[in-house]
Each structure stands twice: as C-alpha cells, then as structure tokens.
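Report on one structure; see the data block that follows.
We just call them A, B, C, D, E and F in the order they show up, numbering each chain from 1.
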Amino acid sequence: MMHQQQVLISPLHLPVVSQEYLNKLRQKRVIALAMEYIKDDAGAFPLVRAMSEVAGVSAILIGAELLSSSRGYGILLGGISGVPPAKVVILGGGVVAEYAARAAMGLGAEVRIFDNNIYKLSRLKRLLGNSLYTSSINTPVLLEELLHCDIAIGAIHSKTGRTPMVCTEEMVARMKSGAVIIDVSIDQGGCFETSEITTHANPTIVKHDVIHYCVPNISSRYAKTASMAVSNILTPIFLKAESEGGIESLFDEHSGLRHGIYTYKGCLTNHYLGERFGIKSTDLELLIASRL
Amino acid sequence: MMHQQQVLISPLHLPVVSQEYLNKLRQKRVIALAMEYIKDDAGAFPLVRAMSEVAGVSAILIGAELLSSSRGYGILLGGISGVPPAKVVILGGGVVAEYAARAAMGLGAEVRIFDNNIYKLSRLKRLLGNSLYTSSINTPVLLEELLHCDIAIGAIHSKTGRTPMVCTEEMVARMKSGAVIIDVSIDQGGCFETSEITTHANPTIVKHDVIHYCVPNISSRYAKTASMAVSNILTPIFLKAESEGGIESLFDEHSGLRHGIYTYKGCLTNHYLGERFGIKSTDLELLIASRL
Amino acid sequence: MMHQQQVLISPLHLPVVSQEYLNKLRQKRVIALAMEYIKDDAGAFPLVRAMSEVAGVSAILIGAELLSSSRGYGILLGGISGVPPAKVVILGGGVVAEYAARAAMGLGAEVRIFDNNIYKLSRLKRLLGNSLYTSSINTPVLLEELLHCDIAIGAIHSKTGRTPMVCTEEMVARMKSGAVIIDVSIDQGGCFETSEITTHANPTIVKHDVIHYCVPNISSRYAKTASMAVSNILTPIFLKAESEGGIESLFDEHSGLRHGIYTYKGCLTNHYLGERFGIKSTDLELLIASRL
Amino acid sequence: MMHQQQVLISPLHLPVVSQEYLNKLRQKRVIALAMEYIKDDAGAFPLVRAMSEVAGVSAILIGAELLSSSRGYGILLGGISGVPPAKVVILGGGVVAEYAARAAMGLGAEVRIFDNNIYKLSRLKRLLGNSLYTSSINTPVLLEELLHCDIAIGAIHSKTGRTPMVCTEEMVARMKSGAVIIDVSIDQGGCFETSEITTHANPTIVKHDVIHYCVPNISSRYAKTASMAVSNILTPIFLKAESEGGIESLFDEHSGLRHGIYTYKGCLTNHYLGERFGIKSTDLELLIASRL
Amino acid sequence: MMHQQQVLISPLHLPVVSQEYLNKLRQKRVIALAMEYIKDDAGAFPLVRAMSEVAGVSAILIGAELLSSSRGYGILLGGISGVPPAKVVILGGGVVAEYAARAAMGLGAEVRIFDNNIYKLSRLKRLLGNSLYTSSINTPVLLEELLHCDIAIGAIHSKTGRTPMVCTEEMVARMKSGAVIIDVSIDQGGCFETSEITTHANPTIVKHDVIHYCVPNISSRYAKTASMAVSNILTPIFLKAESEGGIESLFDEHSGLRHGIYTYKGCLTNHYLGERFGIKSTDLELLIASRL
Amino acid sequence: MMHQQQVLISPLHLPVVSQEYLNKLRQKRVIALAMEYIKDDAGAFPLVRAMSEVAGVSAILIGAELLSSSRGYGILLGGISGVPPAKVVILGGGVVAEYAARAAMGLGAEVRIFDNNIYKLSRLKRLLGNSLYTSSINTPVLLEELLHCDIAIGAIHSKTGRTPMVCTEEMVARMKSGAVIIDVSIDQGGCFETSEITTHANPTIVKHDVIHYCVPNISSRYAKTASMAVSNILTPIFLKAESEGGIESLFDEHSGLRHGIYTYKGCLTNHYLGERFGIKSTDLELLIASRL
C-alpha cells in the first residue's frame, strides 16, 4: 500500500518481521508506518480496535468450524432445545473478548470471561447483559471452567510485550479431549503454555488431545472486511494528505501518525525493534526536528 | 369467600384438606368449588396459571433470602462484576419454571432448566433467550449441575397425582453445603426425595447440610398479589352471576365452572377426593340433570 | 440403532434411500421406523424440529466459512464498526429459517426473510424483533434483495413432496460473484434452480460464480449435537418400551410412533415409497389389526 | 426568561439572530447568555445534548407524518408482517442520530448510519444492537442507500461552523419520488445541497419530488418537553444564584456559565458573532477582570 | 379492485356502508366479498390482523402528532433524559394493542394495558417484556391511570357487534386538559362514551378539553403499506383462481373465501346486513348448492 | 485482615468508627487503610463500586422480603399478568441506583429514578432501556411518585459528607401505609428525614406506617459475595507486595493505595477523622517523606 515513492503504511506483524525486511526499508530510505501503532487524536489505536473486532468474531467462527464433525467432535455451539449449550472460556476482557463473547452468545453458547481488571468486567456485563459470567483470574475457578469448556480463547493483550501465560500445560492436559483452543494472543506469545505459531496452510496442532489454532493475525481470514476497516481509518488520512501537500506535511501536525513510523529515511526509529534486532535506533522527533 | 349462603369458592390445597372438612361441607349442603379446578372457556386452568406465576417469582426471592448471611452462606444471586453468578437449577419447564427463571435471570443468576418435554424447553428458549441452558432430564448431566448449584427448585407439575421424584437423597447429599432447595412441587409430593412439608412458621429444614424450603402453597407469601390475581379471574364470574340470576344458573352454561365443584348440596362430586377419603362420590352431571 | 432383533429406528433420507435397501429390510422382516416420520402426542414431528434447529444454525456457520478468505471473498458476517454488515436472504419462514436468522443476527448480519405465510412471518417478527425484514415471496422484491446478498439460504419445507423452486437460474446468475447459496431444502429438491446434491467430501459447486452448498442432511455436520437431540426424543420411547413389554406393544397405543413405520415384517407400508420404487405397499393399520 | 433586570438566558438560534437584536441587547446593557453555549463542569454542553435528544425523536415523528397518505406516499415506518420495513438513512453519528435511530428502530424501520468517526459508530452499535448498519461516509455506498431510502436525516454537527454538505443535488435527484429529507443540521447550513430553511407555518418544500423539512430548531415542536429539559439544566443554576447573592456572582466561579455570555453590559463578547455582523467584540475575561 | 366483471373484493366498513350501495351491488348481480370477513385455512381473519397491525402503529403516530406543539400541549412521547416519559393507556389486549404498545415503547413512552382476558395480558407480557404494566379492567385502577395519561387508545374488538363502552363521559371529563384519545374501536362504536365518528378532513373533536381522534379505518392513513398487506393476502387467491379456472370455482373449495361474500348474483347473503338495512337475506350455501 | 504485624486493611464504616478505635490503632502504631478510600490507577474507588453493586441488588431483595406477607402487605414486586407491577422509587443515579434498578426491573417492578445530574440519567437510560422513567429531583413530581410507590430507596452518595435530605418527614407521612423505605445512604445520614440507623438484629423501624430499613453497610448481608469482590481488588495488591518487598514499599509507588491510609505509625493522617474526633492529624505525605 505505497502512497508515494517513499511512504509505506502496512501492518507490522511482530512475529514475522525480520532484520532483512527492516534493512531493506532503511536502504530504500522508506518512511514506514506500522498501522497498528498509529494513534487517533484521542490517543487510542483505531486499527488495533478494528482488527480486534474482526479477530474476536473470527475466533468463534473458527472454533465452531473446528468443533464440527469434519474436524472435531461434532458439537454445535448452542441454541438447540434440550441440548446444553457449548461452553466458551475467554481469557481477557478487551475488544477481542467483547466481540468473541458477542458472537458466541449470538450463536447460543455459554460464555465465561476471565480478567483481573474489574472495570473491564463491569463494562462487559453492561454491554452483554447482567447475567454474563465474569471472574477475576483465579486459578482454581479458571481450571474448573477449563475442564468443562469446548472452546478456550486467548485474548489477553499486553501493552508491554509478552502476554502473561495464564494456562499452564498441566491445565491444558486436563481439558476435554477434542476441545479447541484459539489463541488470538499468539502474536504476543499466547496465553497457553502449549501454544505454538501455526499457519493458514496448517492452522492447527493437537496437544493433549486439544486442538490448538494459533495462526497470527487471525483477522486476515476475512481479508475484505479487514481491508474495509483499514480503509475507513486510512482514507481520511490520505484525503487530508492530498489537500495539505503530501503525507509528510501531515507528520508535523499529527503526533498520532508519527507514532506509527518505525523507519524514517534510512533510520530505524522504533526503539523496541532496534533492541530486538540489534540495530541502532534514532529518535524520530530529533530526525524530524533536524529536517526543519 | 362465600358468594351466597350455599356457595363456597376457595382454593383446595390437597395436602391440607381433611375428611372432617369435606363432611362439614356436605352436612351444610354447600356447593363448594375448588378454584384450582375451574377451567376457562379454552379449557385451561386460569387460577393455576396465576398462582404458578406468583410461585415462580416467590421461589427465587425465598432462595435469595436463604442464601443471605442472615440464614445461609452469604451469596448474592448475581450480577456483581468479577464474581461468578450463583447457579440455579430448575426441575420442570412449565409456568413456575418460566417465572422462576425470569426472576433469577433478572437478578443476574445463571439458570439451568431440566424437563423431558422438548416443546416446553424450546418455548422457554424463545421466551428467555436463545442461550438459555436447557436439558432433558438426564441423570448424569443433572447430577453434575446439582453439585455446583446454589439453589435447586422443584417445579414439576403432575397432571395425574404425584410429582416424579427426580432427585434422590444420594444426589441431595452431594450438593454443596449451604445450598438451598425450594420444592414448589411439595403440594404434589415434591421432586426431591428429602423434601418434607414445612410451614410458614418453621419454613425450613436442613438435611445433608442443604436447606430445604417446602411450604405448600408458596404463593400465599404474597397474599395481596395472589388475591388480586384471583379476583381478576373470579370477578367476571360474579358479575355474570349477578346479571344472570345467581351463580347456580351459571353452572348450567359453563362446564368449566362446573369442573371446579367438589361438593354439591350434600354430595361429594370429586372422584379423586372420594377415593382418598373413602367417601362415596356422585357424578355431578347426573345431579344437575336430575335437578332440572 | 437396532432396539431388538427386528426393529430399526433411523433417519430415512429420501434422496439416498434405494430399492435395494427397502428390499433388504423386507427380506429380513424388519420393522423399520423413519425417525423423521414419528409424531409426538400433539401431532408434531419432534425429530424434524430438532434437526431443523441444528440445520438452521449449521447453514449460517457453513456460509460464514465459505465467505472467509480461505474459500470466498473474505467477508465477515457482521458486527464490525463502520463496515456494513453482510446480507443474508432466507427463503422460508419455518424452524430452519428461525434458527438461521437467529444465528445470522447473533453474528451481526442483516437478515431478510421471504415466505407467503403471513402468520409465520408475524411469528418470526415476534421472536426475532419487530424490525426484522419480512416479505411475502414477491419476485421483484426478492430479486432486488438477492442481487445484494452475500448468503442465500433455501429453507422451504414442502409437506407434500418437492420444494417450490423459488429462484430461477436467471436470478442466481445475477447474484454477486462470490456469494454463497446454502440450500437446506436440497433433501426435497431445493429452492434454487441451480442446486445439485453435493457431498460432505466435495460439498460445494460453483455456478455463475456463486458457491452452492447442497449437502443433504446438513445437521449431520454436528453429529454429536444431533444425536443428543435424537436421544432426547427416543430415550423416553425406549424407556416406555422396556417397562411396557417391548416396543411392539407401544405401537398399539401410540399412533404417532406407528406413523414412523415404513416396513413392517416383510411389507412396505409407506405409500409414497411404494410409488417411487414400484413396490406394492400395504396399509399398516390393516396389518396390525390382522395381527391381533 | 429574564432572571433579573439585566440578565437574559435564552437559546441563540444562529440562523435567525440579527444585528438589530444584538444592538438592542447592547443598548440595554443586558448580560445575554446563549443556552447552547453554556458548559457544565465536565466541559460538555448539557442543553445541546437535551435538545439533540428531542430533535432526534422529532425528526422521525415528522418523517413518519410526511410519509402518511395525508402528505406523502402512504408508507408506515415498519413492523408490519410481510411488508418490508421503511428505510431510514441517518447522516451523522452523534446524539441526534442516536435518538433518531432509536425512535426509527422502535417503530420497526431499518436504519443505516453514516459517519466518519469509527468510535461514534462503535458506540452506536453498542447502544443500538450489534447488527446495526454503520458505515463510514463512502459516497458510492451512501448513494446506493439513498436511492432506496424513504427518510434521510441530516444530523451532522459541526464544531466549527458549517455542516459539511454530504449529499449533492445530483444525489437527491436520484432519490425515490415521495421520499422525505429531514435536515436537522439546517441550523448550520444543512447536509443536503438542496436544503433551504423553512418555517413551522410552511415546513416543507419539494425538490426533485423529494419532500424537504428544514425548519430550524426542530425541538421547539415539543415545546413543553423541551422546556422541561431546559429547566432541568437551568433550575440548579438559579437556585445557586439565589443562595449565593445573584447570578453575577456565579459568573466568577463558573467558567462554563461565562462561556454562554455573548453580550455583557453593552459589549459584544462573542468573537464569532462579532465577525459575522461586523461588530467589534471584546474579550469577556478582560471585562470581568476589569470589573473587580 | 374488480377481478372479473362480476366479482368485487374490497373492505366493507360497517360505519359507512349504505342501503343504496348494497342495492347497486344486487342490481349489477355482483359477487361482493368483504375482505375483513375472509377467513384463512386456519379459521383466522388475515386481513383483520394485518389492518390491526397498521392501526396499532398508526394510533401512536397520530397521538404523537396531536401532542406536538402544532396541535397539542407540546409533549414528546418519551426517551428524553430527566423528563418523565409520556403515559399511554391502552384499552384492549389484542393485535391493535400489541402494535400500539410496541410503537409507544419504541418511542420511549410508558404503557398501561387494560383487558379482562388474562391470557392476552400474559401473552403481551411475554412479547413486550416482563415489566409491562397490565391490569384487568378494574374501574378505579383504570380511572387513576386515565387521570395521568397523555394518550388513551381504544382498541377493544367485539366479536359480536358493539364494543363495550369502558370509559364514561365522567371519566373523560377528569382527564388532563390537552390529553388525546384515539378511538380505534370507533368502527364498532368506540370504547369512550364521548367518541363520535370524525373524518380524515376534520379528524378531531375536542370534548372536556380532551382531543378525540375517531376516524374509522385508521389504517387507510398508510394506504400503500395497507395495500401491500392486502395484496400479500389476496395475491395467492388470485393466482390460484387463475390456475384453477376462475375465482368462482375457488368458492366451492374454500369455505373461508365464501365467508367473505355478502352479495351473490343479486342476493344479499349476509344476515347481519340484512337485518340492519331491512333487506331480505338468503343463505349463501343454499344459493351455491342450487347452482350446481 | 492483618497482612503483616502492623498493617490493617479493612472497611472503615464512618457511622460506627469511634475515638477509642482510632486511639488503639495509634497506640499499636498500626498502618490502617480504609478499603473504601483506596483508589485505583484511574483515580476511581474500586471497592466503593463493588460494594455499591452488591448494595443495589441487596436493597431490592430486602424490599421484596419486607413487602411479603410475613412482614408487610403481601405484594410481589411484579411480573404477574393482570396485576399492576409494584412501584420502586430510587433517589440517586449512581452505581447503587443502577444495580437496584436492574434488579427491580429484572423482577418485573416499575422503576422511577430521580437525580439532578442529567448525564447520570442519560447513562442509566442507555443501560436500562430507553423507556426508563428518569426525572430531575423536582419536589412535586417526586412527591406524586412517592405517594404511589411500594419501595423507596435512598441511594444518593455525597462526595463531601452528608447526603442531602431529599424526603421530608411530611412526604414520608403521605406514603402508602405498609410501604418500605430502604435507605442505603444511611452511612452518610440518609436521604429521608425519618431515617434512623438500625442493626442487622433489629433491622426495621416503622414511622408513619412506613417500614424503614436503615442498616449501614447493607452489602454485609451477602458476606461471601462481598468478600469475593473485596479479594478481587486486594489480591493483586498483596501479590505485588509479596514480589516487591512488603506492602510498605508499595506505598511509595501507589498514591492510590496511600489514599486509603488513615493511621500511620502512631499518627492520624485523615483530616476529616481528625476534625470529627478532635484528634490532631498529620499530613501523610510529610510522614512518608520524612521516613526516607
């Protein structure tokens, strides 16, 4: 998605980014923006939100497919009279969790949400109904629910690096045979000790008789919807850029947009990537200031 | 509630009716109607429905009270962020169950309904939401849910005498210590093997550390509401009686009203009561026909 | 699912039944019951209802999968802020339609239901919300909606043989490229002129750039859920049979159960199957009467 | 609504305010407050919110009336079994849009909401249901929906002057004959190129066969409700003024109240009005400071 | 709506039908069917249902309009924060009441429904929410609610002639000044003693300061919606007639259709109309039988 | 709940705290934290919120119990067909009010909420449905509703000391005989002039025939639920304390935790308690700074 010769706006999936990739961007003196680091005027990350909405619904649809007879033990998520609904355990209380819970409940499943942030839980109860099961992450309570669940979803987002590993291998080993884990948090390492990155080509692995789906960037499964969500966010930026003399001039005014830049005209400007790949990183603000 | 000298319309609580009572009615040649046997023009029992609505809500309110610290282990039915909701198991899928489920869900509890009639379960899912847990009465599934529940409600109505005893003493013995059983079906013997009739004065007994509430005619706890519901049904009858020359003339036209009569001018006309108390019963239709 | 030596209760999928199969049953003098023809005491078909519930939800899950990037054009059913929801057109207003609509709406899609029975439409509006789009099957209105839809579901059930073919090939040809047809009615011939029976192994065909899924008996995709629903219905029958001296004695009392029989001790008793396969059929009532 | 001799608190409808009016206020040395500019302690505009709630519901009621046979083509907004619901397109995602959408959905219509702010759209989905149609303002998508809609509502609020003109005359010309436009944004110029201010006496004009309702200050149609909403906001101010020595002393403490003042003892203090009417404006803070 | 030379299918509004009209039909030997008397195969009146749905929503929209400042005291039905919602009293618990209640609640008003049929009330609570206010028609309770209401709707349908007059003039006289009565039952005489038939040209009269809207056939206000609803019902009849050799041949098979006939080739066949207009009526079944 | 020798974290119920108690804490040089004064990182009071959720639901359950025949006039909160629902008036629009309203509505009662903050009312309408009755605290409107209510709940929280006394004795005197007041605000003095602190042993007093329940700290009635809510908040603190070298070291980093301290190693550090009990208070920040 090259806007001009030298500006690249694209997702930056941490698990797949490589040193070579970063070096090429620097050699070509590209200004590269990671869509997921762009902030809006309110300081929030609009793209992360949109992709989280898609990911949450996707996780349930994938789980439903993996429970069907063609793959799993032939359980429908719910809603059938006289047949107890399937149980879905969701780790995390953010946007992924909200949309996963909505979709699961919409299909008639029974949902349990675990998070340690009481405000997130309280918000979810408001949105999804007062009898929603919410709990703080209390290991014995969580284990009890994992033992009986059909789908477990990892949806914890860490602001500062690696997702906390909430479910040990021992806990996974005690889950029902044929149950499904969808670890949406796999981009940040995952919430389950048994999670390992998989691919769209071979999306699942089985451990302890539990099917694991750990494809990073799960929302790409609904590429058109995802790209419409992306374009909802980028289009106003491009329109502004056009009317205000190029995208570079936007950088001066919009610190949220600057926040997305990780290579700038030959320099790596993202401290975290620098550390990870052993490349010296430069402060973007200095670079831009020096340009003036 | 004597309408004229010789007509009595009142509830007839089977568990408390006595031979003496019936004999007195016969000696006084009273025409006695059991409100719960009166049918409306559609062949349904309006009073039973109304009392069942009241009983269902009452059962949950009593359960909530018995779980409070003043009596029980201090659990609120639900709705609190981060605290898993209380679990309510309901045996039966009729009107009592519907209203108990509604009230429990309204307070934020998690409800499981067990019945063998798939149409009743399907109807409840429609009324109460598609993700309502319904199950046929499958003993292992029921036991699993009883083990974890905070309140168990007996709400099975038998058309032909005694409620099926769905929960054995052994199952009750495995329930949580401090859990509560409200056996609304106690009027017909109860759904729990451990149920014994109790009174408004001493409403609970404890067996296997489980609190049992087995007061018959539970709806009398909300006497004014119950009597308004009764008067909604009887008032049109009385108004008609007035305008059509006395209540007796109504009997000729309304077979549903006749269906409520159990003593008629000295005769016992209810076959079931006759068998139970060893009194000869006479066919009402013959009596009325002979009067003409 | 042989109950005794000579009694077979199983689904009878019309599209796959063969003359050989029927002849074998007759040679072995089996009493064969088609589960989908068993009536309950209220004259309704409990198994058809249960399988319809499963089929309705399945149809939406399959449609969602076929719209994903791995198969289709990468559209998520709905719920994403700022991205218009996918459109689902449902032909028919019965139980399959109800459960498909529920699942689609639960996932955030926009649903249109077409049926000529105003009471069914009115019932669906009550169940699914007053702003549900319902329409009589008016060709221009239907065409307009088909042109814009992402998933079209055939869910018309014919009581008397073949489903009416509501969508012509010309209409299908004008649908969006990449759209999906799930023809649940395929067991009865289908509602789309372009429908052809497919299999679980090769479930889809593409015509006019529209993906068709026409696997009969769609509910078998959730085999465990379906079998639990079946056992909810059959278990009480078996229990009764056991306590009342064998399943044959049940036939005398339960005309609904008799209604399911299609071969009886060497005779074909289903008139429709007789006509179709050129086998002489005998009236069951006569056979049973003659037995006494 | 004169509180004391010299203080006027009233709505200031920009489209109707005149130079004469401002001059009179200055000659009489009135302290004039525009209710819509008063801020509460949280920096929000409580009166604008209240009037927006009223305006949103009003817009739908007016639209419904204009679609009735007495004025328009005789379409009911929705809810009738078998008759597709009317379509309502709403431009904007704020409070007016929320209340218009609520009312339209409450009457059974199908609603589409267009806004470029993804957080507003996400919030509306949460409030009004997950299958609400929301879209960014994408001209082809919008045009498609306008072509089929029965009511289009302009509900975009501009913080800085004129509403963006989202619908061109060409788009309006392609709308259905007899469709209705309610341009609530008319106070700020309107969202439709064809909008022109109308009056309560002659509230509609017809262009391209589309009925336009463009009466400014639409909430005055429900005067009593609007005035109760106003008094909910002003009463606490007056009560405070009384107990704290007159309204002027309130100005010192409450910057939100000061924010409403546009003439102060002979001076125009609102910069925008000054520019518009060519009157010199003075900074209020200086005036008040100098008074001390 | 002449199908063939001699068959007329149209609504028959009892309040406006005249002897002249009937005589003309007889002279022209028309077979005239009253749409509202046509029964479907289930014995229900599909047209009455459809028109009742329209009438219920219409009543609320008209009430809302009459409460606006242009006509009434300027009250919005509801939904505004901090302003108590308007109160709507509905007499009757059928389809008109259901749709009026739905629309009123959709707009945020507070609804009270009065009916003596407890099953209708119970059904409405299920459909519209458990906290819906329902009451039997108890004069003191009704009076109390009428005193405080903003809109009162007469929606009682009598199967056998005249609507019961539930509200006396004295009760109306005590209603709020400026309140609105919409008497949908006016076609059958009305539920309010003060009701008098009005016309679309002059739709309201004022008595005791209460605005009365008593236009018969209220659904004609949404003519296109009403005619779509009608055509949903008639189209299948016409299609059948076409394929089965003319509409007359349909009469032989469909007793529900015959039920709609009131003049048949020169004879009046509706007993009630005969009595009212002093015309001899002939039994239709005899006429048709004699034709064969 | 002593964490270490010298640290006490417990609720500090203002109405029951005594000078002796404070002196003992000082003598023992305890660091005492009031749980209700601990702030989280967002500056909110998590424990107050959790206890308010419990208190809101509790208030309705207690009210329901006091209305039952065993205590009061035998009214069920609601939901019974044909019996008008009970009326609940709630003073205040915060978390207690929200949860009380939710529970009351869940049981089928009719709720009226009074508050002067229009944003709180608007928020409650969003959460609890658009037809929720909300009103600013307008004395005549409030009186009218109090006259007809069955339960009145005081749920106003004052940030700065005493709850405003919204209901005078005269207003209480005009309430229905047998009505119930639950004054949750009693900890801060109560909203009703007639409120007096009661105890769990003797929880009610009767004044003017109105039953008053004024037990402070109402949430202790559901002790286990309350303690789970507390532990949800404290557990992360303790875990952190453990891993970071004792709870005292946490004080340095977490100003929200410091905010809860009222005695610190011999000193009273809460200014308000100092004034009330005539004890000199010391600034905590100084004490901690001096320690370093």
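As a working rule, contacts are C-beta pairs under 8 Å (C-beta built on N, C-alpha and C of every residue); 3 or more make two chains touch, one makes a residue touch a chain.
The shown structure was predicted, so the numbers you read here are calculated from the model rather than taken from an experiment.
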Fill in: Chain whose mean Cα position lies farthest from chain D
B
Worksheet entry | Distance between the centres, which are taken as Cα means, of chain F and chain C, whole angstrom | 56
Response to the item:
Expressed in whole Å, how far the mean CA point of chain D lies from that of chain F is 39
Discussion item. Averaging over Cα atoms per chain, report the distance between chain A and chain C in Å.
Written reply: 38
Worksheet item: For chain A, what residues touch not just one other chain but two or more?
Response: 49-50, 53, 79, 81-83, 102, 105-106, 108, 118, 122, 130, 136, 232
Discussion item. So which chains actually touch one another? I want all the pairs, not just one.
Written reply: A-B, A-C, A-D, A-F, B-C, B-E, B-F, C-D, C-E, D-E, D-F, E-F
Response to the item:
Touching chain B in the complex, chain F uses residues 49-50, 53-54, 57-58, 61, 64-65, 67-70, 73-77, 79-83, 99, 102-103, 105-108, 200, 220-226, 228-229, 232
Item to complete: Provide the residue numbers of chain C that touch chain E in the complex, in ascending order.
Response: 116, 118-119, 122, 126, 130, 136, 138
Response to the item:
Touching chain A in the complex, chain B uses residues 78-79, 81-85, 105, 108-110, 112, 118, 121-122, 125, 130-131, 133-136, 141
Worksheet item: Hey, which residues of chain E end up touching chain C in the complex?
Response: 42, 44, 46, 49-50, 53, 102, 106, 127, 232-233, 235-236
